[in-house]
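Take a look at these structures.
Both complexes shown next keep chain A, but they swap its partner, so chain B is in the first and chain C is in the second.
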Partner chain A sequence: MKARRHFLSTMSAALIASMCVVGAANAEVGVTDKEIKIGALGVLTGPLAKYGNTVYDGIETVYEEANKSGGIHGRQLVYVREDDRCQAAEAVGAAKKLIHQHKVFMIHGGACSNASLAAKPEIVATKVPWVITASTAPSLTYPVTPHIFTTMLAGWMESYAQVQYAVEKGMKRVAIIAQHDNWGRSRYDPLMEAFKLHGIEPVANEEIVPDPADATAIALRIQAAKADAVILIAFPKAAVVAVRDMYKIGYKPFMIGGSTVGDVGLFTKNVGIPGATDNLHAVSTIGYAADDPAVAKWKKLVEAKYSGDTFNIYHMFGIASGQFVVEALRRAGKDLTRDAFNKAASNLSVNTDVYGGPITCTPTNHQCHNTAAWFGLVNGTTKRLATTIVTR
Partner chain B sequence: MQALLARRNIVAVGIIVFAILPTFANAYIVFVANLALMYILLSVGLNMLLGYAGQLAFPNAALFGVGAYTSGLLRLEFDLPYWITLPAGAAFATLIGLAIALPALRLRGLYLALATIAFAQAALWVFGHWNSVTYGGAGFRVPPMDFSPLPIDPPTGIYYLSLIIVLVAVPLGWNIVRSRIGRAWVALRESEVAAETLGIDLTRYKAYAYVVSGLYAGTAGALFSALLGIVTPESFDLFQVIVHFCMVIVGGIGSLWGGVLGAVILVGLLEVLRTFRDLQEIAFGGLLLFTVLVVPGGAIAMIKRYLPGWNEPLRRIGKKR
Partner chain C sequence: MLAYLLMSGIATGALYAMMAIGLVLVYRSTGHINFSHGELFMFGGFIAYTFFVILGVPYFLSLILAVIGGFVLGILSDRAVYRPLIKAPPLTMVLATVGFSFFLKGIARYFWGSMEGGDYVAFPAAMDPSPIPIGSIMVFPQQLLILAGAIVFVVGFTIFFRMTRAGKMMQATSENPTAAYLSGIRVERVYTLTWGAGSAIAAAAAVLMAPMTLLSPDVGFQLLLKAFAATVLGGLGSMPGAIVGGLLVGILESLGGGYVHSGVQDVSAFIVIIIVLILRPAGIFGVRNIRDT
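And now, the complex of A and B:
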């Protein structure tokens, strides 16, 4: 009995003593005379890996080019990747590991929005600069946090751009085919907001599941509503079925796709019916098709460095973001500090090789990308048709 | 040597390590340890339902979510202090656990497993689509906890709160499984007919198992929402069901201390494999296969084979005075 009491009191003393010790925050880290350590936070495994890994392949290609040309003020860029598996708990762990274990200078990445939102408090608390590459939640950068920037279009922008485009094209009767899952809702809700702002009502509003076997009923209902344009908010697989089944019943409306079908050429191949996508225009974050000669240099570099990769839009997210970060680091000067980086990035406009417009950050706006580009097929090749500056 | 490695000593060392960890480890290690503490609660709770009571049921991921959502929403919407929202989250999950028990009492084996997995999926759908309450797919932020007047920051505070809860919950579970309730669970696990002939009220004891399991899962969920500061539906998906199940299997089904071990092993493994991202899924599957084929009793069975001090009798052994 005495031993047990002694045991319990020892345990309690250890517990209470430990609770009173609070760790102090680290000073600035991640920069030596020879290197700048940058962390990637995002999904690296599983079905969504392309939103992380592929983007980071693009970033690393840009870093490698910068390193080959002597680095940033003589320092080599070192990129460390940590997997968040698109899960909130994993994202917090990954952010903490990058900041406290790898001791990175900054974080460059972020794919799934909810995971990035979960990681944000840790990044805010430690004041580590963070440039987001693919997460689309607007609350990541609004209201402005001095050290958080994004080079990706916010989720609402794509939806707003779709409605704006329909109006600009003079479409009067617009229908919607949308997924209503988590991903779909994040675009569907702003889409309905945009409809309201333009004072128009969709003539049909159809839900589609992410992996449908058939969408004939949906196509027939939209045809019956006499829609002259259809806005698509769907994963490629669902969009393929919707487009195929509309074409199958002989219905050929003007189709306004989201970024999931932004690579119209690839999407057309997946649909597999010549002519079915002739009326499809799709919005995208990037400014060039993957096989456009303007981005041939990057295609060659990425495919040489990552033999398993086929150059695509996700690489371009990374390339644009990488070019922005490299320029911000350069302008932050030789005596690199986090404050200097934040200041440089907050007053920077970069015309990247792959976006349709500049990435421009200001001290009051860290949603640094707002140019949506429109793509469609011209003589069987994917071409940029227009660009839209998206505003609310 | 065997005496040195007795359970009592190992547990004491474990408690000391967990207690002093924040004094020397960085924030990442402390976070991982905190996750391990929460998963210990989940694993111990599920082990009582699955391993002791023999109910092939998987409601824990959903109840984990119920605890997180209840606690988080009470913090967000009513600005209630955490000492109210944590027990409220645990209590609501316990109630839901009891509600599941009612239909589940009529089912067994594969049908029970399917019904509870369906419940987990339905709960996930509600988390993701009941926009007016749960904030849908985007989830919601939980206001940070305030530990004043104690001189500790929120992450450290949550860590020690988790540790204290585990230090209460595990001995409580240990007492339950060695009590009349635990013996009744084992009896009904071995044979419901035989248990009934011994006068064991199947309905009552099965309900107890669901309630206790729900209580542990709900408590873990409430802690989880405070730790992450955000509640999103995908945190409670089918992957959680699998992870909880694996913890029980890898640690040792039907062993409370196995549940503790399983949680620590799995959380550690997932973190170690974070660095070897291409190997994660292979290693995870490999460990499961290894456990099922080579050590079906889990890690605890291996320990028990060599260290007799780790046996878990279903009764309290009297001490010599």
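And now, the complex of A and C:
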């Protein structure tokens, strides 16, 4: 009798245990009753660390706000960061660590395009949902992979927007000042495509190095070509020198800047000459200047949480992307699975607090952000002047 | 157009010349190329930035403090990095200077790297930055300051070498270290002084240039390349060669960029250097071989 009772109790315990195991096996990876684990893949150390950390600080601020208001269907968002050092080889390892060691539900991040491209095969193979925040390589989301989305403008979109804007502004003689390094080529080549599509030829096509000491020769050549508009594809250091030297020789064309000078207020401060940027309009992924009252709430939250951070456009990349992911997780429902998330994200449009237009994904388009905003100085303050929906 | 290009070329060339002088100074004394010279330049700029922008010290005082800071940094680098390797093979010294350059870059990135939300900081001009007319062209006052500063430093260093005891000891050591040692000169101390002086002049160049560009931890490498080109063009080891070479590199870049294409601006000087070296391998002011200690 005693042996029978022991047998029954052992069997019952085994049955309960096996049910638990089955239950656990059915639960989605990275999801428990209390939390959803999300991985950040990006550059956290080295010269480009701010392109990763600052963006992720923005994401984490959004997550924290969601957590404070009860989480997503009662689950807290936990964000785990892994460093890809902006290098392809490191990115593969970081992706594997997030997927297999941390066992994250999804990846939310990606800064340097080369690193993100290297990590993509592992993420594709494991079918982990991935929302890209800052990488601009178009091949990350085109052709569409069902579980990969981006909330950043692709590199070509900025260039197309620049040409489109010049045409919309009625500019007839358009010149180019562009870097021809890897970064520059990724924007210069689409720029030339866009010129061709609009049936116009640049009147001058000048090259600038990323770290010039002087750009007088370039300014003189563009002035000699009688350009009425100049498209700038350059890092801030190069753009500062070019803008100063154009101003120095008394040449004041309409300047169409890229996102590197999208913070026109900061760029004007860097140029340091009153009036030199009056004719500059610059394209940006974000929809508001960092000191715009419309984003004051986020500025306050970010700067309070990260005492070393000064609120800037990179935080806004993270905030917009974070708001998209939080909404997609909500829509995916209480019984959260990766499939449910992918389905929700693929049919979602979110008006974020910081972009100039909605982030909209459809089953056939995972390049979810396509609104370029234009900024310029109005009475000494950076203001959004227009938006451009970019199409190819 | 020519006047503009010449003016820009001379102003930029003056900076290259200052950088080249620092390189030549160390090379003549020690027989080594200091591959961390660009980062010493960068560090001097950030020292000035700290005084001028963060602490509000006047520009010219900041310049002097940066020069002093650069000098001290040069001495520290000698004591910490180079002196322990004084008898090591040249390749070891190359690696040491390259390693030290990365070290300095890392330090700069840590302290100043993201102060303004980017990996660069703006260094305001010493005076009203608006361009002013000089004859038929407009120039930035800072360009004139660069020229004036370069002249002051070149003249100052010339006087130092010719008129002061320390300068003469440095000259003697560069001519023949063994003879200098036998005649009672403390050669190692001269080396220390040389590293300090080279670093100080790099810091001065950085403070003059910073308001024309932006300052970043990576700013030094490009300048090092140009300075190296200037020393090769002028004649490796020649002080007048460094000055002439620097000015020529600046002018050639400017003319090449203006009259040929902007794409050749950065390489035009190197093309001419190749031609010069084919015709005159020792450079314009070809110098004697440096003897090993």
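A few comments on the model shown:
The rule is short, and it goes like this: the second predicted complex is superposed on the first by the 364 of 392 C-alpha atoms of A that agree within 3 Å, B and C clash if a C-alpha of one lies under 4 Å from a C-alpha of the other, contacts with A are read in each partner's own complex, and residues count from 1 in each chain.
Following the convention adopted for this analysis, a contact is a pair of C-beta atoms (placed from the backbone, for glycine too) under 8 Å apart; a residue touches a chain by one contact, two chains touch by 3 or more.
All values derive from a computational prediction rather than experimental measurement.
By the touch criterion defined above, A:E206 lies against chain C but remains apart from chain B after alignment on the C-alpha atoms of chain A. In the superposition on chain A, A:T387 makes contact with neither chain B nor chain C.
In the overlay built on the shared chain, the residue A:N270 is in contact with chain C alone; chain B does not reach it. In the superposition on chain A, no contact is made by A:Q76 with either chain B or chain C. Of the two partner chains placed around the shared chain by superposition, neither chain B nor chain C is touched by A:N365. When the shared chain is aligned, chain C comes close enough to touch A:D214, but chain B does not. Once the two complexes are overlaid on chain A, the chain A residues touched by chain B in the first and by chain C in the second are 180. The residues of chain B lying in touch with chain A in their complex are 12, 15-16, 19-23, 26-29, 31-32, 35, 128-129, 131, 136-139, 141, 144, 150-153, 156, 160, 163-164, 167, 224, 227-230, 232-235, 239, 271, 274, 277-278, 280-281, 319. Contacts from chain A toward chain B in the complex involve residues 1, 7, 11, 14-15, 17-23, 44-45, 81-83, 86-90, 92-94, 96-97, 99-101, 113-114, 117-118, 121-122, 137, 180-183, 185-186. Against chain C, in their complex, chain A makes its touches with residues 47-50, 54, 180, 206-209, 211-214, 216-218, 220-221, 224, 236-237, 240-241, 244-245, 247-250, 263, 266, 269-270, 272-274, 310, 312, 314. Residues 1, 4-5, 7-9, 11-12, 15, 109, 113-114, 116-120, 122, 124-125, 129-131, 137-140, 209, 211-214, 216-219, 222-223, 253-258, 261-263, 265-266 of chain C touch chain A in their complex.
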